[in-house]
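Two complexes, one shared chain (chain A), two partners (chain B, chain C).
And now, the complex of A and B:
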């Protein structure tokens, strides 16, 4: 039987017995087969000695059980690692940051506490998936939408706590931002409620976020200061109609004005849906339309002449390719805009958007879809379902292998730096990262890469670095990934989220004033979790007894 | 009976070089734990897999690439009720998705065979089978039709046999029109 580091077999046995007394022996896992289920399916250390693995797992169903487990962990100094449903693939999955920890698996805590249609909010437990919440809303015929990532298989709380994003209106697709109130089991075993939840019997826990005094919710995200056992989220009232359209621009130089116009329209709330950038001439499909892109085989259809001209692209620019695009009416850049609301409103918003983009010479606008809501479920696959608040697994129907991807990987690690929201930044980041990636032999930033627009005020690249079956290649990619993180940091670009294997590298970039942020994190850790039992190492926050060690 | 040359490689290769084909086309005793079979209707090989499954009187569930509806309607409640084992032939991506969804109910892939098309039009069948079934699986795969053998093998693999997972590659030298779109298909068993 595996034993957590620093814990005697005798203490571990006692702790396991105590866990079993709380949750029942069938929900305490120590066999190799069961612990295999807590490996990171996309681990870049798969089957290598450095792979982070669990020594055990325990799956409670209630907040009270979580409290007891935390108290037991304190008594025997058992390192715990909290997961919601463990679907954070590409960012570490269900494997602990500190190898040998006992996974605190919250997927059995799957109650939907409340969905309030009138005030458009919900309260859920960590084991509630996007599918669970969506199905509940459909069954009860409630007129609210959720915002989902793609795929939609994960936990509503889990995704928000790692600050993931989705695809509907701006104020809902930043999943942490759209939360309102949380319940947290502290490392001491006490239960804390944030915001208005700190007032007993308050009915505004999910209506007013900050309560009074220091607003502490943020410290529980991407950290290890507590176990979130309930969380409230604001939901979008079901809109009456949906419109999506494209704005196409024909010249390389249009990227800057395109981004400026998009920024303006988003910041004044003329467009609120997920904007999706693409570069048809560069063979780069927009993120949300990727499904359609692959299903249509468009990526296979580039004529030989077009393929040859792609080789002439430098830092995104190619006059010859631009001329080819004009000749064949293929836009250089394209943005998909979407709108949700009453038809008369979204039509007006679209018209205003078209008027603003018309300032870019040669740009063209086209409505792709205009439909009343709700759509006929049979038509859902004509859309990118997440943009309509519908969770889906359709991304997996693409298939691992294609001429576009002849050697499918065993998974991927997401490289996700934040860059400024300007056309210049997109070009500069491509220039810097593509040169670095080439030198490092990393399969990223080829030809040209566009960022995603999950956040209204910044861009984020979301790029997959493959995990392979070859340990030497994986090692090369891990080391290259760390170098890209450092290079990004030199330019002021830091990751918004990352897997445990890179959390030290990423957090080292946040180095202002001699890493005062990191020292502040450690100060909080020492105060809140003196025994260091919760998720040691998560986002490079180590308890005192493990600092400076090769944990 | 046509002679075929099948090469099996693995940590304990049973046979190397030219072998006489073995008539392992007969069904074996499928595990009673297997309750249903899934198949991706886009692929002829998967449709043949479904026929094999039906020969065992198993209900089959086809889907056109997108597993979402089938998972929500059938698989989630099946796994939540610990209804038994499933076998299937799908793409690698779909299995990746199913494997993750199965974990929610403490189910796992207990056996798999990846059918990897090679550049020369032949196929390499990569086996990952537990100890108890390994020898039978390798022998069975060296039959006249590894695709059918894979189906029979998976149906026997649901029994709770633990032990080490062993790997083997069965090279099928027959040039076929290949898997549709040269996709990597995988035959698998998911069980508790």
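And now, the complex of A and C:
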């Protein structure tokens, strides 16, 4: 039997017996086979001694059971590691940050507590996936949309807690920002409710976020200060219609004005849906089209002349390619805009957008889709489903075997730095990261890479770094990944989210004033969780007794 | 094992699954009901027919027409193979934990996916 580090076999046995008394023996896992199910399927340390593995797992169904488990963990100093659905692939999966922890698996807490149509919110438990919530809403024919990330099997709460993003309107796309109210089991075992939920018999827990006094919800995300057992989210009332169109620009220099115009239109709420950047001439598709390319491999079909010209691109620029684009009517840059709302409103929003982009000389606008909602479910796969609030697993075409990718890797780790929302920053980041990636032998930032627009005020790159079955290659990519993080930091850029194996490197970038932020996180940890039982090491927050040790 | 015995086994699994947890309803008398429900929830999003399902696309490319890319059409799946794949994963498909697909559900899924496989 595996035993958590620093825990005697006798104490561990007692703790396991106590866990079993709470959840039932079949929901406490200790065998090698069962614990292997908690390995990170995309671990860059796959089959190496440093791979972070669980010593046990315990799966409660209620908040009360979580409280009891946390109390038992305090009594025996058992390190717990909380997961929701365990599907955070590319960002750590279901494996603990501190190897040897007991995974607190909340998948069985799968109740949808409320979906309120009139006030457009829901309250869910951590084991509820986007598929579960979507199906519930469809079955009950409720006129509300959820905002989903690409893989629909993830946890609504888990994704928000790791600050993931989605694809509908701006005010729903940031999944942490769109939450309203939490129930948290503290490391002491007490239950806390945030915001208006702190009022007994609260009537507006999901309608007003902050309550009165310090608003503490943020400290529970990307951290280890509590176990969130319920969370509310604001939902979008089902829109009447959907419009999607492209703005295409023909010149390299147009990128700056394109981004500037987009920012203006988003910040005045004219363009509300997920804006998606592409560069047809550079062979780079927008996020919403990537799955189409991977499914069919059609982007391999660029003519040889075009392919050869791609080799002349430096930091996004190639006068020869630009001339080729003009000759063959292929845009240098393209932004896909999407709109949800009453038809007469979204048509007007589109027209206003077109008028603003028309300032860019030679730019062209084209409506791609215009449809009343809801769409016929049979037509959903004609769209990038998440832009219509429909969960899918189609995005896995990007990593899976496909015509484009006949010899797939074993998984991937996401390199995802935040950069400013300017054309200049896109070019500069490509210059910096592609030079570094070339030198490090990393298969990233090759010809040119565009960031994604999940958030209104910043760009984020989302790049898949392959995980292979070869430890030497994985080592090279891990080390390269860490160097890219550090190089980003030197330029003032940091990751928005990362897997446990990179959390120390990423948090080291956030070092203003001698790492005062990190020291503050640890001060909080000591006060809230003196025994250090919850998710040790998550986002590099270690309990006192583990500081300075290797994970 | 003959067909009669297989349906008895599947029926027993079905009853066992119902006693352990509430599952969505399905056609009565369908011995593979539980397996079908588990398949629909956990497998279909990647393995239903069509290249918009990455598992199906992957198998089409892997087998190049030698056999279908659609798991439900395979006639050589054994329950043991299905159970191994679900608990170990393959390529970018991760393994599934018992809190996602319980052992009882997995047996039902395996029996369902192996339903077309001739018994020796």
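Everything below uses one rule, namely that the second predicted complex is superposed on the first by the 536 of 551 C-alpha atoms of A that agree within 3 Å, B and C clash if a C-alpha of one lies under 4 Å from a C-alpha of the other, contacts with A are read in each partner's own complex, and residues count from 1 in each chain.
Methods note: a residue touches a chain if its C-beta (ideal position, glycine included) is under 8 Å from a C-beta of that chain, and two chains touch if they have at least 3 such contacts.
Nothing here was measured: the structure is a model prediction, and the numbers come from that model.
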> In the superposed model on chain A, is it clash or fit for chain B and chain C?
Replying inline: clash
>> Output check: A:198 vs chain B and chain C. Expected answer is one of first, second, both, neither. What do you get?
In response: neither
> After superposition on the shared chain, which partner residues are touched by A:302: those of chain B (first), chain C (second), both, or neither?
Replying inline: neither
>> Can you tell me whether chain B or chain C touches more residues on chain A?
In response: C
> Which partner does A:310 reach: the first (chain B), the second (chain C), both, or neither?
Replying inline: neither
>> Applying the document's definition of touch, where does A:486 land relative to chain B and chain C: first, second, both, or neither?
In response: neither
> Thinking only about the overlay and not a real complex, which stretch of chain B clashes with chain C: 8-16, 116-124, 134-142 or 152-160?
Replying inline: 152-160
> Can you list the residues of chain A that touch chain B in one structure and chain C in the other?
Replying inline: 29, 33-34, 36-37, 41, 85-87, 89, 94, 107, 131, 153, 381, 392-394, 396-397, 399-402, 408, 411
>> Residue numbers of chain A touching chain B in their complex, please.
In response: 29, 33-34, 36-37, 41, 85-87, 89, 94, 107, 129, 131, 135, 151, 153, 381, 392-394, 396-402, 408, 411
> Across the complex, what residues on chain B touch chain A?
Replying inline: 65-68, 71-72, 76, 91-94, 96-97, 99-101, 103-104, 106, 108, 162, 181-184
>> Using the touch definition from the top, list the residues of chain C that touch chain A in their complex.
In response: 41, 45-46, 50-55, 57-59, 61-62, 87, 89, 91-100
> What does chain A use to touch chain C in their complex?
Replying inline: 27, 29, 33-34, 36-39, 41-42, 57, 59, 85-87, 89, 93-94, 105, 107-108, 127, 131, 152-153, 291, 295-296, 381, 392-397, 399-403, 406, 408-412
